[in-house]
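Look for chain A in each of the two complexes below; its partner is chain B in the first and chain C in the second.
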Partner chain A sequence: MQKILKYVIIDILRNKIVIGYTLFLLAITMSIFNLEDQSTKGLLSLLNIILIVVPLVCILFSAIYVYNSSEFIELLVSQPIKRSTILLSMFTGLSFSMVVAFLIGTGIPILLFEPTSTGITMMGMGVLLTLIFVSVALLTAVYARDKAKGIGWVILLWLYFSLLFDGLILFILYQFSDYPLEKAMVGVSALNPIDLSRILVLLKMDVSAMMGYTGAIFRNFFGTQYGFWIAIAVMLMWAFIPLFITLRKFKRKDL
Partner chain B sequence: MGGPVTMKKIFIVLLCCLIFKTGSTAILKVGKGMPYTTIKSALQAAVDGDVIYVYPGLYQEQNIIIDKRITLKGVQFPTLDGEKKYEVLSIKAHGVWVEGLRVIRSGVSSIKDMGGIKVYDANDVTIQNNILEETFFGIYIQYGSRCNILRNRVYSSQKTEQQSGNGIHAWKSDSLQISGNLIQGHRDGIYLEFATHSNITENISEGNLRYGLHFMFSHDNHYYANVFSDNGAGVAVMYSQRVEMRYNVFKDNWGDAAYGLLLKEMSDCKIENNHFQKNTVGIYLEGASRISMKENNFELNGWAMKLMASCMDVNVTRCNFLSNTFDVGTNGSLVLNHFKNNYWDKYEGYDLNRNGEGDVPYRPVSLFSMVIEKNPPAMILIRSFMATLLDRTEKMIPTITPENLKDESPMMKPLKL
Partner chain C sequence: MIIASNVSKKFGRLKALDNVSVKLLRGECVALIGPNGSGKTTFIKSLLGMVVPDHGFITFNEKNILHDWNYRSRIGYMPQIGRYPDNMSIGQVLNMMKDIRKMKSSETDDELIEAFELNKMAHKRMRTLSGGTRQKVSASLAFLFNPDVLILDEPTAGLDPVAAEILKQKIIREKQKNKLIMITSHVLSELDEMVTEVMYMQDGQCRFHKKVDVLRAETSEDRLTRVMASIISKM
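Now for the complex of A and B:
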């Protein structure tokens, strides 16, 4: 496994896209912290980067990478190596390089300029989102044989998680505005890792607004140690359940 | 020619006054080894104009009633203990002066409003430099005029609203001066009802269960340079007219129903040069009319301002809005209020003629804040891509947010306040 992992990582690094991603994050984060005179505003812009750019890059790059290395995968499958080992090395290699890129690009500036609990939470959420979207990308790439179709799916999934899901929530909220939906919303937020990480970061940041009636309900759940760890567990499930499904599918897949 | 004569006359009159005054003022000392061992016995012996000095010690004398025009002065804070049963000091005479006492443990009663120091129907009373600890009501003025409550420290650690009284409480009073007091841990820090023409200045009211300041039907009062922080529900003021609030600080009032300052049915008020910091809602206006809000600073609030459609002629000028989650929230499309020359940190306009004012109007009400007003659970979408997108489109073509709620000439740079 180590050998495959090494090849995957070297291959990704040779790709230069990850290096570009790192530099891009670094440049944006540094400029945000340097330009904004109020640190809350800086953190807010950074939150948008983490919630939009990180999932997009992770899901697209991972999917494209898997499609491009289909020949390499076929070669490996012909060797006496377990299929699960191959897939897990792919996942580990991809997520490792994306996480490192994120930590260098965003983590270092955060530690330099904003080493508060909000900053650290943001970093943690970025790492978790990276894992989740790499895993979702693998799932799509394994299920959709055609590259164009797969990439289309991946973009659609990203759009769904970052925009359509929220639109759907808003629609439901308006349709059922006569019912008390506050508590249900806590559960619904678990269905979207991007929402979940946004709420966790905001609870650290926008405390005053979140303390309103609804905010108080979120706070009572996510604000406690217990709720926080549940949310983290849900995020981890978002990373590992798609991976598990992918693994099962990949084992039986006719390549 | 008449000059020296009048001078002489004045001198004689003054001398007479002096003699008269010193002649009538006796000093009564209370304490261990002093002529009087109890305050009550000294009070009995005293006549109008006397001074009673109370020396350090513990005085448990149940309810002490002052019904003569005397001065009661503590030397190094003697302790007057109400043993959790009695009202400690009751003042029932005009012109009484109470100073330097430590009043503790007054009785708690929900029928009779027991105070640490309570003034009944008396004018010109001065209560200053006292320490009150664990009293039910701290200082209570009932039907008092021209009373001064200065530099007292009123502490309590009450647990529930039902079982607690107010720090400084005034009822049907006039021309009070409440200054430099520190009030902690009561139900309401300062509570005024039917108290008029009063000055409330430089007080600190913090960590109270309900409101830091609460008043109703109290007209023509002035509130200068007070600090109201960390109270259960902030500050709420209602049904009053011609109130002036300047240089006050309202901060750290967090919670479900906490407001930095809540104005309900208020009119002709001036709210100027105040600081609103880290409140769930900085200032909430309902049914308010003819309010001038000038040069206030709103920073790090959830909502800087919630302006309900029932308000009229609220003029917001030259205020700073910095790092608030939402600048202004409202509940309807009717707008009879005006915003002008404020600085909004979310403003993205330009200033071509370089006069310091933006050329395009700023709309402080975001679509998303309207959505939350109508549908509170939508708070879950705060700061999401979706919400940002909605706000952007709404900024281009306003449809749901009130068209007239806008600042025609927002400032380009923060005002120095």
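Now for the complex of A and C:
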């Protein structure tokens, strides 16, 4: 495992995308904190950018990386190495480099400007989102043989998680506004890791009052220690269930 | 050494392998012959676990290969089209394989690397290599770890005559070390001096698997090209 991991990480570092991603995050975070006079406000702007950029870069880069290393994978499967070792090394290598990039790019500025529990929560959410979207990218790349198709799927999935899902929820809420859906919303939010992390960070910021009655319900549930850890557990499931399915599929894939 | 029992594999509707059962033993040099698309490469890939059969199973030294991965350390495989990470150099690929196979430089068989003079172009990136040079890398990798079993998928395709001759002599030398060697090729004339058995595949089925001497006696022909021509015309 360590040897394969070593080669995966060397290979990822060799193409400069991860370094570019780090610098991009660093530039955005620093400029936001410098522009806003109040760092809490800066954190709110940063949240919105992170929730768009982190999933997009993670899912696209990981999927393209897996497709581009098809030769590497092919070379390794004919060698005395377990298939699960190959896949887990890919996952670990990708998520490790993306997490490090995120922590350098946004973690350091957050610790400098806003070392509060809200800032820490946001860093944690960024790390979890990275793991989730790397794992979803692997799932797509292993299932879709064709590169163009796979990347299309990955973009669609990102659109779904960051835009379409919220649109659907609004539509449903509007159509069924006569019914008490507020409690069901807590369950529905578990279907989208991006929303879940947004809720958790917003609740830490105490701006949930702006979310109306639903916000109060969210506060009642996610505001407690118990609800917070359930949300974290759901996020971890979002990362590891796709990985588990990928592993099962990859073990029987014809190469 | 390798036993395949009723191995079947479908790709969509296409039956790539249809109930193939064979027994391959140590010391044999098997020629895997058949028309294009007869399932030769699929069969080889299932021996390596790269393709997972739908039915049937394959054993390597009495162990089912489905749950075992370590058996591949005893196989040297030369693919038909070698695909390597584009941005690695020849030297990096060779070192990586040595590192992964956990073999010291003193124990490896560098004969082909030297014969093909790969050391002189160790810094060249894989994507800049010609098809023939890639084949040389593939061949060197297959023989590098001194494996008990050699599986060579069209080894001489794309090689220049000098390199093809070096490879042929190497195969003959390895054969004398009581190894199992399996070769596919469409150039039957070059197999003459190497093979001891012929396995003929068509439409995913193994039509026959016999010793070359038996086939020669049956057809009363001497050269493998003639032997096969006479058998196929009767089928």
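Heads up, the rule we're going with is that the second predicted complex is superposed on the first by the 249 of 255 C-alpha atoms of A that agree within 3 Å, B and C clash if a C-alpha of one lies under 4 Å from a C-alpha of the other, contacts with A are read in each partner's own complex, and residues count from 1 in each chain.
The working rule: contacts are C-beta pairs under 8 Å (C-beta built on N, C-alpha and C of every residue); 3 or more make two chains touch, one makes a residue touch a chain.
Not measured: the values here are computed from a predicted model.
Trainee: Do chain B and chain C fit side by side on chain A after the overlay, or clash?
Mentor: Once both complexes are aligned on chain A, chain B and chain C fit side by side.
Trainee: Mind working out whether A:Val53 is in touch with chain B, chain C, both or neither, as first, second, both or neither?
Mentor: After superposition on chain A, A:Val53 lies in contact with neither partner.
Trainee: Tell me the contact category for A:Val99 with respect to chain B and chain C: first, second, both or neither.
Mentor: Touch partners of A:Val99: none, neither chain B nor chain C.
Trainee: Please work out whether A:Val142 is in contact with chain B alone, chain C alone, both, or neither, and reply first, second, both or neither.
Mentor: Neither partner.
Trainee: Under the stated touch criterion, which partner chain does A:Gly167 make contact with: chain B (first), chain C (second), both, or neither?
Mentor: first
Trainee: Kindly classify A:Pro80 by the partners it touches after superposition: chain B alone (first), chain C alone (second), both, or neither?
Mentor: Once the two structures are laid over each other on A, A:Pro80 reaches chain C alone.
Trainee: Which chain makes contact with more of the residues of chain A, chain B or else chain C?
Mentor: Comparing touch counts on chain A for chain B and chain C gives B.
Trainee: Looking at A:Ile9 after the superposition, I want to know if it touches chain B, chain C, both of them or none. Which is it: first, second, both, neither?
Mentor: neither
Trainee: Which holds for A:Gly215: it touches chain B only (first), chain C only (second), both, or neither?
Mentor: In the superposition, A:Gly215 touches chain B alone.
Trainee: Shortest C-alpha to C-alpha distance from chain B to chain C once the two structures are superposed, in angstrom?
Mentor: So the smallest C-alpha gap separating chain B from chain C comes to 38 Å.
Trainee: Which positions of chain A sit in both the chain B and the chain C interface?
Mentor: none
Trainee: So in the complex, which bits of chain A are touching chain B?
Mentor: 38, 40-41, 44, 47-48, 51-52, 162-163, 166-167, 169-170, 173-174, 177, 181-182, 185, 188-189, 194-195, 198-199, 202, 206-216, 218
Trainee: Touching residues of chain A toward chain C in the complex: what are they?
Mentor: Where chain A meets chain C, its residues are 3-4, 7, 11, 14-15, 69-72, 74-83, 252-255.
Trainee: Give the list of chain B residues in touch with chain A in this complex.
Mentor: Where chain B meets chain A, its residues are 254-256, 258, 278-280, 300-303, 322-323, 325-326, 345, 371-372, 374-389.
Trainee: Which of the residues in chain C end up touching chain A in this complex?
Mentor: Going through chain C, the ones touching chain A are 11, 45, 48-52, 69-73, 75, 77, 79, 83-87, 96-97, 99-101.
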